[in-house]
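Next up: some structures, all given as structure tokens.
In the two assemblies presented below, chain A is common to both, partnered first by chain B and then by chain C.
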Partner chain A sequence: MEGLISKIKSKFGAEILKKEKNQIWMKINNKDLINICNFLKENGFDFFSCLSAIDILENNIIELVYHLWSQEKKTILNIKTEISREKPEINSISKIYTASQIHEREIHELFGVNFLGNSDLSELFLEDWSGPAPFLKDFDWREYVREKFYNKENENEKGYYN
Partner chain B sequence: MKTKKDTIINNSKNEYQEFLFGPAHPGSGNFSVKIKLGGEKVVLAKSDPGYLHRGFEKLMEYRNIWQNAALSDRICVFEPLAWNLLFAEAIEKLAEIDIPEKAKYVRVILIELSRIQSHLIWFGAFSSASGFDTGFKIALGYRDYILDIFSIITGGRVYPTGFICPGGLRRDLPAKIEDKILKVLDKVNEAIFYFEKEDPVFKSRTENIGVLKIDDAIRLGATGQVLRASGFLQDIRKDDPYEIYKKIDFNIPVLKQGDAYSRFKLGILEVKESIKIIKQLLDKIPNGDFLNKNIKIGMPFILPKNEAYVRNETARGEGAIYIKGDGTINPYRVKIKGPSFLHLIPVLEFLLKEAEIADIPIIYWSLNGCPADMDR
Partner chain C sequence: MENILLQTKNLLKLKDSSSKTLEKTNNHRKKLKKLVKSIWVFNWFNSCGFTEVLPVVGSRWDMERFGLIPVSSPRQADCLIIAGYQTIKSIKVAKLIYEQMPAPKVVVSLGSCPVSGGMYWDSYNTIKKLSDYLPVDLNIPGCPPRPEAIFDGIHRLIQKVNS
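Coming up: the complex of A and B.
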């Protein structure tokens, strides 16, 4: 495992953030994602566990964490990468890990991230949704519901505006 | 004699029909699949989730850990304790909280009981989907014995309301509960006796139906018993042990065929292993605290600026939580990965292609899916 980590470090300039029991956290440049995933799949990381997105308002970025599992090495690799909030775009890894396709579709719907090369980014949970991506930190759902579904003039619904 | 193949109406005129399996169909739960039929064969299947999307990940950003612990029950209706444990473990890893040895034992006993009752609901629903209604009644009847135990220990029959909480457990075990659990395990053995019987009708309805090959299973992200029924040995309890699974002697059953019948058979073997685990632990529960002394239940708890990723083997497969703290009492972000998210979307769509219309409920229920943990 150590050899593999040092290879990723030297080959792609990845930064090791922390090491835990059976888990390694690293940070990479978003341009290297495809190459790193290809490299990892060839080296035993054949399970795609999960994809998390975190909206970080103060840095104006969306952070993506790819969680990969290697049955052979019994290790989870958490690969972090950042994309800009203004233009949330990143290459899809669904051609390397088929299981990531559905995770990317979910993140696309809830965070508005565009995964270039993903075959299907159609709506998943939400139906006829026209508002902004609902899981972003600056989306105030209370405000949205008030504007869209309630009426200030209605006696029964006045309470929602206090 | 007419074979099964002769009886299928073929689509000679290339006419297609579209219909929905669910969400109001009694066999589907709160979930639907859009199906395109040519004759009696499925040409295209597209999962349509979202009927149970409650936005837990967003809700958790507005609540403190004690509120979230109770909320985490609702992630999966069939096995709330498993998600209780996952959330507690996520907070413990994030804030580096140690938990007492006694809590670890009780947690594993509860989780294995939860696995058994979850499998029993599954056996029931699966029997019902294959036209074997008595199986449904047997399974749900025997499941109630386990719910009684949950009611005594946690206070809730189905939902424990955050009984497994960050730092340990909310309450101590009641006195003489070990004997009661042993009696319930005998009852579970009775239920298993019924389900183990070879039923030729059930077998003919499920054998060689919905075959998932090992490569496809890995590629599509299958975990848990769906992956193991296809012949791949993977169990987080062994591979990446949590709580006290390292100390326990148990086997991981694996079957090779990958069809609906072997997924069902594997479930029975798993229940037997769970019984073995619980029996090993019952007389070994140590004395002492059940909650970390520094943790005060209900008091605001500041989450450190850190992040953690935890995975558990739930009854359905790999469940995982990613959590990030930002120095406030509410988590900054929680990501929940339910096993059914992959089983009911990519795997189900793949298996339904080219299937017969009559096999749709069989394939659907053989995956042991839970729409609640898929939609969150």
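Coming up: the complex of A and C.
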């Protein structure tokens, strides 16, 4: 395991953030994602377990965390990478890890991240959605709901506008 | 054809008079009537709404004793029970189910969510008033409603149908 980590460090310039028994956190440049995933898949990390996204409004970035698991090494690898909020785009890893396709589709729906190369980014849960990506922190959902579902003139619904 | 109808009518009459001994009092008969009437329900649950009706299905309140039988196809159902909030995606399916049910049919909604949105009043993906989308005959309020309330509601429904 140690050998593999130092290889990732030297080859891709990854930064190791934290190490624990069975868990490693690292940060990479978003341009290296495909290469690192290819490299890791060849070296035992063949299970894509999850993809999460965090909207960090202050830094104007969206952070993506790829969780990869290796049964052989009994280790989970959390790969963090950042993309800008203005142009939330990143290469899709669905060609490498097939399971990531639906995860990317969900993140696309909820955070508006565009995964280049993903075969299907259509709506998953939010059918007929017309608003902005709902999990972004600057989405005012209450305002959206008021506009879409309620009527200020209605006596019974006035309370929702306080 | 008419002959057959007459025959069956006569048969029914016969049955009526022979079972007279069973009908002790008017009251008793009324109670029995409730047991005889069966409503076939199609359940459409997709929220915490499922927990609303679950105890009614179980042995404690056993709804089948009172003729409420869950069916697996909307085409056999008399009554559509919608429990809990509907999302914009699931209300489409609910509408489809409603259209598939043969008339006459009734719609019962459970909980406070189908009335006003309930605790999801400010959720961006749930519908707020079910009656905007489907003709709701009866709403049983509560979050979730007690099984007693559900039975009371069904009783009212039967009364409404009888009258």
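Just so it is clear, the second predicted complex is superposed on the first by the 162 of 162 C-alpha atoms of A that agree within 3 Å, B and C clash if a C-alpha of one lies under 4 Å from a C-alpha of the other, contacts with A are read in each partner's own complex, and residues count from 1 in each chain.
Throughout what follows, a contact is a pair of C-beta atoms (placed from the backbone, for glycine too) under 8 Å apart; a residue touches a chain by one contact, two chains touch by 3 or more.
Only a predicted model underlies this, so the values are computations on that prediction, with no experimental measurement involved.
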Mind working out whether A:K74 is in touch with chain B, chain C, both or neither, as first, second, both or neither?
first
Given the touch rule stated above, what does A:D128 touch, chain B (first), chain C (second), both, or neither?
second
Just checking: does A:W141 make contact with chain B only, chain C only, both, or neither of them? Give me first, second, both or neither.
both
Would you sort A:I102 into first (chain B), second (chain C), both or neither based on which partner it touches?
first
Hey, is it chain B or chain C that touches more of chain A?
B
A:N22 contacts which: chain B (first), chain C (second), both, neither?
first
Report for A:F47: first if it touches chain B alone, second if chain C alone, otherwise both or neither.
first
Determine, under the contact definition given at the top, whether A:E2 touches first (chain B), second (chain C), both, or neither.
neither
Quick check on my understanding: which residues of chain A belong to both its chain B contact set and its chain C contact set?
125-127, 134, 141
In the complex with chain A, residue positions of chain C that touch it:
87-89, 92, 117, 121-125, 127-128
Chain B to chain A touching residues, read off their complex:
49-50, 53, 55, 57-58, 218-221, 234, 239-240, 307, 309, 311, 318, 320, 322, 324, 332-333, 335, 337, 341-342, 345-346, 375
Touching residues on chain A, where the partner in the complex is chain C:
125-128, 131, 134, 141-142, 144-145, 148-150, 160
Interface residues, chain A side, partner chain B - complex:
22-23, 25, 46-50, 52-55, 65, 67, 69, 71, 74, 76, 78, 97-99, 101-102, 106, 110, 124-127, 134-135, 141
